[in-house]
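Each of the next two complexes has chain A plus one other chain: chain B in the first, chain C in the second.
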Partner chain A sequence: MYLLIFTLKRLASAVVVLFAVSVLTFLIFFAIPNGNPALRLAGRTATPADIHNVEVAYGFDKPIYVQYERTMKQIFTGRIQSYTQHLSVFSQIKRGLPATLSVAIGAAIVWMLIGIVLGVIGALRAGKATDVAVSTVSFVGISAPSFVVGFILLDLFVYKTHIFPQVGYVPITQNPVSWLTHMILPWFSMAFLYIGIYAQVLRSSVLDAVTTDAVRTARAKGLSPAKVMIKHVLRVSLIPIVSLWGLDFAGALAGTTLVIEVVFNLQGVGQYTYNAIGALDVPPILVVTILGAFFVVLMNAVVDILYAVLDPRIRAGKG
Partner chain B sequence: MTESVEMVSFSSSEELLRVEHLKVDFRTEGGVVHAVDDVSYSLRRGEVLAVVGESGSGKSVSAMTLMGLTRARNADISGTATLADGTELISASERHMQRIRGRRIAMIFQDPMSALTPVYRVGDQIAEQIRTHEKVSRSAARARAIELLRRVGIPRAAERSRAYPHEFSGGMRQRVMIAMALSCSPEILIADEPTTALDVTIQAQILNEIEDLRVETGVGVLLITHDLGVVAEVANRVVVMYAGRVVEQADLRELFNDPMHPYTWGLLGSIPRIDRDRPHRLPTISGSPPSLLDPPQGCHFITRCPHRMPKCTEEPPLVETSGVSGHRDRCWIEAGDKRRLRLVNGSIGLPAEIPALPTTQESA
Partner chain C sequence: MVDQAAVVSSSIEEETTGSGDSPLRLALRRLRRNKIALFFGVIFLLVVLVCLLAPVYANDIAHTGPNANHISEIIKVNGKATPVVNTIGLPIGPTYHSKFFFGADQNGRDIAVRLLYGGRNSLAIGFMATIVTMIGALLFGVTAGFFRGWTDTILSRLLDLIWAYPALLLAAALGVSLAVGGVNLGFAHLSGSSILIPSMVIGVVYIPYVARPIRGEVLTLREREFVDAARILGYSRVRIIFSEILPNLSASILPVFFALQLAQSIVLEAALSFLGAGVQPPSASWGTMLSDGSGLISVSPHLVLVPGIMLIIAALSVNVFGDGIRQAFDPRSSRH
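Right, the complex of A and B next:
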């Protein structure tokens, strides 16, 4: 019963969010100068008459809400095409998705694992040189934009030392090893920022946890330091990290991948969107934005469920 | 260290724990904190030894030190604490202490609300301790956990063992803690303010529980408390601590009937009594305990004692002055004078006014 209400509430809020996002995205391209798609559809040498014909043919002369309705209909029937290439937006997204998911999922795993390790090391060595080093690296990561990190890594490991292959994407189905070597630099470029944040968040939550009465009880039971750390400190400290992770993963997939794909020429959904933005090509931008927003809403719900699974106190509170 | 504190000669077969010359110093940025300063006592099978004192008297630190829980880079610990079989706790390795904690010495703490890890079922937390010390299957450990919960008076124990800590009240959580402490049949149970965070009615239940267990299992209980009411109810012997030192130790009756140290008089005088007219205000011991960073020279109680005299700047030894074997105190006043001075308005207490400090070598 509770799950049903939860799901319905989430669906309702998802609908509201998606509607708002789609309207805003749609409107912004009418507001910006030179946003009229008929100009580009008609071609470079078009006369004003040609442009007018295009406007009529595509319905750009109609009131804005009519245009919105038409576009949304095309999206939900899956027939929407880009203005510039006249290709199905959904098939283009489908083509780019493996690269985008490879980057985002891989980076999320990298930053979670390294963040946890560094956070625990920082907490165990609090105040010592190791801790200071970890904190310094963390803050460099938090302050450095991911594309800058990407270019630095490219320069060091591809152009100067040739440790990693040239940029581009190799499907995992085609050559898993090559896929991996092409992915490592994008993963780390993207993960650097989050590693810094996660290490700092975990460090402080571990430091809070080790002084709790519950941990003292665990030690008084005769547990080994490793067991106390893993079962009684980390298990509790990881709860906020896991929820943070869900949201950051959604945010990274819907945002940061765009920059990383361009830097490493991965030809994923992000780069597709990047090109569409450059061409003021509304349909791909609209679809990607709506999908991204939907994914964020979805991950939010997943995080809430995860939270309840991980923390029995939350479960009781919502019952 | 002039006084050689040889513990009263209890028959050594009964002795579970003998603490001798225990000292715990913590090096901090502000200087060295002398948390425990040459403390000795012993605990016998089947008795409740109460260690009484205010916050900061070192009572908890000394107990935690027995468990090896105060070990840290900035802690200097010396002295000995010997179990019945000769195991010495202060010098034992951390690995060795892991086998002792929870198995031979178990501990329950002041605040049961936060003493359990919130994300595990209580039965599993008890089973975890059993499986740490004994090679038993998970299901056998769980079954024993349920039996223990039933034993400490938790209704529907099998069902409740699957509940999480937040689903228990404070008193019930303390019962869970007791069940956990008993899970490996320890020789010694250290109870650090076990009833302080609980309602008065629940306090009595928990004390009864501890009392029953003592009688049934012969466990020696080291009860850390500031509450003389609790002491009167369950203790067999009492150690009074002040500012890191033992100032008086005696059997329960002796201590209440013939207290020999002014600090003890102050403690006894500040308990409300139902057999006397109620005063307008409960008497208190004026002042506050000295900083353990820089304790006063000589008797530590000198700064608050209305009966102080010049000799008090010399450290008094812990000796038998009352004439009863095993009743020791750390005060220079003659026994006869003490019995006269401790009476304030017909009952034991401390007068409120403190005479000017002795002029000799009073350091800042």
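Right, the complex of A and C next:
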């Protein structure tokens, strides 16, 4: 019952944020810019009459709240079109989604697995050398933008040594092996930022967990070290990592894919947005920004609810 | 006038720590002992210095400007005549000599010269964005944490709203929106290509990331004895904020966040300019150099590797130095 009320409350507050996100994103594109958008849409040789026609056709002459309502209607009925080519924004996003999901999900799995392995190793052999190694990885990770890592990997493993194939995206349904070989470098470029951070977080939570009474009891009753690690230590210390993972995954999917897809020419939603930025084509950027923020907000809510399921102490407090 | 509350509180702290040193002096002493942090701090200073000296390098060593075009020239490299850009459009690679030390780009411009001039923009944007972030975060964080109640609720929800966007996506949206027509600030107009625009965009995007921890810190600071002492002495709330809360923040978490945000802002500038939503041509930055060179990475990798590695060195040195500051201010740190 508590859980149900908590879930409903959390979802209700997420809905409020979603509404605010839609308003703010709309304002970013329609209220902040200086100058008449119709001027650009009508082209260089437009007459004042042409400009007026564009204003009327796109509703730029209407009050801002009417424009907001109209734009949201276009978005949520999926009818919104790009300014430059008049293609449906949603069909373009749908076309790019497999590539974007492939790179983001794969990268998230890579950083989670490597982060866990490094974190556990770091905790088991806590000492100078491993500490230095893990913190070096995390410092370089937060200092190197993922797309620069991508360029370096591309230069080393594609153009200098030809270990991996040329850039591009191969659908998994078409050739799973080729899909994988095209994905490995984008995954690692994207995961590099998080590996060191996850290793550090896990290392410290494992070190906390091994000193608990539960673990001491498990050892005392004669459980093997491996079983203690998996059944008692990891189960507890993975909880903070899992919630972190949900949020970072959302941020990576909606943010980092933008640059990674361009470096590796993956033709996903990120590259679609990149092209729209180059052409100053507002509708695709508007829709992707709203969808990206929606995804982050929903992931946040899901993580909070999962956390309440896993940890009863949170439910007891105020929601 | 003597700050009585500070005298009261410092005498309390003197008793507990057993030494007359302020936390700031203790932290500086710890930082001086941290050789790794100092080493990286010096590296960053060198990067800044070299970029500031860009005109000297351009005029006296490379004898060219950041936008000067040498596309049809032929230079001597190790005694051999080599075109700056060859017949199929490929630029010359690093010569490691005074001219074209790091090679040229497709337009025959000297990469080393552009690297230094671009670095000025990247670093300037990094610093300005960080200042915007810190001021915004202090306004939000201190107000929310000190006044609590509905003020806190409203400000925190506003921050949550910005927090909901992935940083790069929000920055790209704002960058595109502002680059089109510039910004009218009422008293001044910024053109769309001004580097103040990416500075503001990056600065605003990161406000919640710093405001939240500041709010948390203020929530605990306002319950401390020296704030009670100031209240009993009848100080106004504004005076308590300026004479008790702010000095405490600036001797604890502010320097740490300044360094970390500086690195973050430099990195975000690169990504933003790479997407075309940051520094606008003809200005150069490490991000625009990466963007310009990305198409030729298969044949002329120096176009992206040179600015890319410079960027990593700059961000890494700030991050490691910033972590040194964090350790120095950490009261749990064992180093004294």
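Assume the second predicted complex is superposed on the first by the 280 of 319 C-alpha atoms of A that agree within 3 Å, B and C clash if a C-alpha of one lies under 4 Å from a C-alpha of the other, contacts with A are read in each partner's own complex, and residues count from 1 in each chain.
Just so it is clear, a contact is a pair of C-beta atoms (placed from the backbone, for glycine too) under 8 Å apart; a residue touches a chain by one contact, two chains touch by 3 or more.
In this text the structure is predicted, and so the values were computed from the model without any measurement.
Novice: Taking chain A as the common reference for superposition, should the pair chain B and chain C be classed as clashing or as fitting?
Specialist: Overlaying the two complexes on chain A (C-alpha atoms) leaves chain C and chain B fitting together cleanly.
Novice: Looking at A:P165 after the superposition, I want to know if it touches chain B, chain C, both of them or none. Which is it: first, second, both, neither?
Specialist: Neither chain B nor chain C is touched by A:P165.
Novice: Would you check which partner chain A:V236 touches, where first means chain B only, second means chain C only, and both and neither mean what they say?
Specialist: So A:V236 only meets chain B here.
Novice: Mind telling me which of the two, chain B or chain C, contacts the most residues of chain A?
Specialist: When the residues of chain A touched by each partner are counted, C comes out ahead.
Novice: Can A:L223 be said to touch chain B (first), chain C (second), both, or neither?
Specialist: first
Novice: So, A:P98: does it touch chain B (first), chain C (second), both, or neither?
Specialist: neither
Novice: On the overlay, how many Å separate the closest CA atoms of chain B and chain C?
Specialist: Result, nearest C-alpha distance in the overlay: 14 Å.
Novice: Which residues would you name on chain A as touching chain B in one complex and chain C in the other?
Specialist: On chain A, the chain B and chain C contacts do not overlap at all.
Novice: Give every residue of chain A touching chain C within the complex, in rising order.
Specialist: 17, 20-21, 24-25, 28-29, 32-35, 40, 139-140, 142-145, 147-148, 151-152, 154-155, 158-159, 250-252, 254-256, 258-259, 262-263, 273-274, 277-278, 280, 282, 285-286, 288-289, 292-293, 296-297, 300
Novice: With touch defined as at the start, can you tell me which chain C residues reach chain A in the complex?
Specialist: Chain C reaches chain A through residues 160-161, 164-170, 172-174, 176-184, 263-264, 267, 270-271, 274-277, 290, 294, 297-298, 301, 304-305, 308, 311-312, 315-316, 318-320, 323.
Novice: Touching chain A in the complex: which residues of chain B?
Specialist: Going through chain B, the ones touching chain A are 67, 69, 94, 98-103, 106-107, 109, 111, 114-119, 128-129, 132-133, 164, 166-167, 177, 180.
Novice: In their shared complex, at which residues does chain A touch chain B?
Specialist: Per the touch definition, chain A meets chain B at residues 212-225, 227, 231-232, 235-236, 239, 310-313, 316.
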